[in-house]
Amino acid sequence: MVDNGKELSYRLVPSTCVYCGTGCGVLLEVMDGRVTGTLPQKDHPVSWGALCVKGWAVHEFVHSERRLTAPLVRSGGELKETDWDTALAAVAEGLSRVAKEHGPDAVGFFASARCTNEENYLLQKLARAVVGTNNVDHCARL
Amino acid sequence: MTNSIGELEDAEVILVVGSNTTEQHPIIGERILAAVRKGAKLIVIDPRTIHLSSFAEVFLRPRPGSEVAYLNGLANVIISEGLEDRDFIASRTEGFEELKKAVAEYTPAKVEEISGIPAQDLVAAARLYAGADRASIVYCMGITQHTTGTDNVLALANLAMLTGNVGRPGTGVNPLRGQNNVQGACDMGGLPNVFTGYQRVDSEEAAAKFEAAWGVEGLSRKVGLTITEMTEKAAEGELRALFIMGENPMVSDPDINHVRQALEKLDFLAVADIMDNETLRYAHVALPAASFAEKDGTITNTERRVQRVRKAIEPVGEAKPDWEIVCAVARKMGASGFNFLSPEEVFEEIRKVTPSYAGITYARLGTRGLQWPCPAEDHPGTPILHAESFPIGKGRFTPCEFREPAELPDEEYPLTLTTGRLLFHYHTGTMTRRSPSLVREIDRAFVEVNPADAAELGIRDGDRVKVSSRRGVVEVDAKVTDKVGKGVIFMPFHFAEAAANLLTNSAFDPVSKIPELKVCAARIEK
Amino acid sequence: MSDLKDLVREKLKDGVDAFLCLKDEEGTLLPALITDADSPELELVEAGGARYPMGKILIDLLREYPGKRFAVLVRGCDERALVELSKLEQVDLDRLVMVGLACTAEEARACGCTRPYPSEIALGEKAEAAPGRETIEEVEALSEAERLRWWKEQFSRCIKCYGCRNVCPMCFCKDCALENPHLVEPGVIPPEFPSFHVIRALDMTGRCVDCGLCEEACPADIPLRSLYRKMQEIMEEKLGYRAGESPDEKSPLSFLGSEQDIEKLEREQ
Amino acid sequence: MAEESATRNEDDIRILAFLCNWCSYAGADLAGVSRLQYPAKVLDVRVMCTGTISPYFVIKAFQEGMDGVLIAGCHIGDCHYLKGNYMTAKRFQVLREALKFLGIEEGRLRLEWVSAAEGEKYAEVIRSFTEEIEKLGPSPLRRKRAEVGA
């Protein structure tokens, strides 16, 4: 067979399933820069080499066509693609303006049970230390 | 969880209540079945007949919303038959007499009247639970998503303390946390009343500590708003800007029509998400976030195990990890203290301000994680909480009175709607419904109807029906099944095009502010 | 006995493009593809300790990189899988160099496979063990009705994770019968008996190489391996075939055969 | 000629017969036109060759509540496609043993070679198979909805 010139690139990356709160150990199969499969981590202290149907499929949404791939800003009633700097400036401006005009408690933050600890930490720090409100919550109750 | 997942196999009796474990936490569910194979007896209490029911020694199918009644009933039987653990009660608890008085009226006969659980079955369950040396309680949203959610949990805690099932392997009161990092989001202060590690925002000491750590002044000491309250205030025009990171309230929250009105009213809405979703339609700015495969970080599972996710690939398109997004927004707002170069640097700050995480480092986490509390780098982590004492010293029995759910069936809406998840999907389906192997299993909303109700309404299996409540109406396929009792209907809430949460009630528990997603009044028509 | 590290280096220098084996990553053993004889990853390679579906990984690698040659560390089961996969036209043995690893006596005993070593051993020492037939014997001792009850009880725990199929080195079909809604009702647990599990057992007949990864991956501890093992015993007894043993002989279920074969089969019935 | 019964009882046994188009189906036809008497508890499925019958179909038949499954095709050597029934013979051996190991009575699955000229044999096969299945009674695999958990 003819070499297609692709550089060999295959590895397994240990991670944690991101569906339910069980926290099973997964190995993500990565080939040519794409996540192509999932295997169970054999020595994981919760899942011991087993996974459920969602865990086995946890890589499948990663390259979905429904992924957001560019920042969007609403103009003329529609969300339009823009660059990161513009989008971030719009967020900073939007939050600052409301906080300034109506007070910090007119601003709210939804943290996320789907994001990492680090991200949740940073979001509540942003709410509390930068905007000045304790209006931060996530879907723990849902 | 007070205890660890692996310990379930050490239990003699496992009481599973309000948790469809083999579907919602499948790997934990199989642990329960492994325990049963090793001889453990299983008690299942659920308004639906679930996969676990067929393995149960005792299966109770109560009316949704009657939790406090039957849990008090179990306590009533335990006390009246003298099955309580007197040594444990004397040495580790207080308030027993008040509890005894409070549960006295919840006789099996009265509980049968309220919940529909046959009196003799309730007695059998109580004897089984109290008769074990090691009994574990496992519960989930079927307990918490009620206007009496807090009381439901306290009533479970009463049972565990009453029988001394605390602090030892194979015992405990074990909530199964739904989302992969709901535990971590709480631990990290993603709540309106606490900083990280449950340090209260209205504690002068804690607030001063964080002011010093963050190099800021004047942190608000006022407890903030929960999600349900924020929605309310947004609808009233008091909350005017919202930043949503990785949530989809337009499917997940109760009473979606109301959520939409709230979101539409906002002056400014920013959403960071990995997927195009229903909430995005109301956003002024949408930011593409990196998925778990595209970033480093930690998440904390239901047994408090802090674990790593690792970057496997570059973010797709122009997506960025949320940690970078939040830092960039903060910097744009002129803040300092957001110049992190990696999640590990963020984690180093977290452990400085969070005693329960203080001993955890990325290096120590490896591929197996660590369970908090882990106060020092030489601490092995904590698989079992409350082994010696409770955080408040003695465990306090809290008497709870049965209250009816916020909305009861009536002539107009004669059925009780309860909601939940399916094995093959997750929450609002933004991930699972983009997953071919899961969509292949099921990709359509449905409502389960008891054959007796179906016959009365002239509904056959597979019919297209309208399900309505005071808040909305959706069209779904009917599944006629005796998995649900007469008068009860069940809908999964994953499916945005027929969202169960258009129907659910946003009335919430006064303490935990959790909405009553598990009970509302509804009607079915062809 | 040579060292795995040396073997990997040697093969890479001999002209294979990559070596598939296990490595230790933060204390966890996982498959790794070593492409460079000077890579620091070489220090982390490990021969034993965990098993993963190397055959399955190789199907993907051989397909994705059509011009490349691979070396792979194989146990007896891995070798059988690759041999059978080659007959099923899923791997090209000409592009594979198998480096044999014999299972330790302890591993062989715990595993109970019929041949816990590859045809050529480069690492470890050959150990034999009695085939693990305890579960098969337990089932065969039961009456018909008890046997049915026993299996139904085992399968009642199934949560349809598809782990048995997903991890199986011998499962590669694009269209899987288990996903055919006419054969198995989708979206229901436990999957109805006999459809899901018996269909899988039939698909394993003449194909299963008794690696046991299915049972290791099963969250419900269903004795799948014993079921598939029994299917191989039936295959051997009735049709004289064992998967993965000879590179030339194909499964009698994959070709029609001769009239003499069938007449013999009917006579012996 | 098949004996008609007006009503179907839940306890009535049900048999599925896969008949090859060239031999056994023609044999059944011959039994019919010859007005031979045999029981009518059999549902026929006409297939071009028994070699096309996947073992899945047999499993599916049991799953759907059949109490017995008959496969009938050309005699070895007479296959319209020369060797199609070789595969049937091999698969049958494996399948029957598998069913036995799972606790499904082996008598519930039968393989017969019936040619187009063997109308009488066809009637006899149906008679004896029906009798055997009646003796075994309803299949333990008949769908019982209540048993299905989730």
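As written, the chain order gives the labels A, B, C and D, with residue 1 at the start of each chain.
Here, contacts are C-beta pairs under 8 Å (C-beta built on N, C-alpha and C of every residue); 3 or more make two chains touch, one makes a residue touch a chain.
A quick note: this is a predicted structure, and the numbers were derived from the prediction, not measured.
The highest number of C-beta contact pairs joins the chains A-B. Relative to the centroid of all protein Cα atoms, the closest per-chain Cα centroid is that of B. Averaged Cα coordinates give chain A a centre that lies 36 Å from the centre of chain C. Centre-to-centre separation between chain B and chain D, using Cα means, comes to 52 Å.
Separation between the centroids of chain A and chain B, computed from CA atoms only, is 20 Å. In chain B, the residues that touch at least two other chains are 22-23, 26-27, 30, 51, 54, 367-368, 423-424, 437, 441. In chain D, the positions touching at least two other chains are 149-150. Residue positions of chain C with contacts to 2 or more other chains are 25-28, 156, 159-162, 189-190, 219. Of all residues in chain C, only 17-18, 25-33, 35, 50-53, 57, 60-61, 64-68, 92, 95, 159-163, 166-167, 216-219 touch chain A in the complex they form.
Remark: chain C residues 139-140, 142, 144-151, 156, 177, 182-183, 188-190, 192-195, 198-199, 201-202, 205, 227, 230-231, 234-235, 237-239, 252-253, 256-257, 259, 261-263, 265-266, 269 touch chain D in the complex. Contact residues of chain C toward chain B in the complex are 25-28, 156-157, 159-162, 179, 186-187, 189-190, 219-221.
Of all residues in chain B, those touching chain C in their complex are 22-23, 26-27, 29-30, 33-34, 37, 51, 54-55, 366-368, 422-424, 437, 440-442.
By the touch criterion stated above, chain D contacts chain C in their complex at residues 51, 55-56, 59-60, 62-63, 76-77, 83-87, 89-91, 93-95, 97-98, 100-105, 140-141, 143, 148-150.
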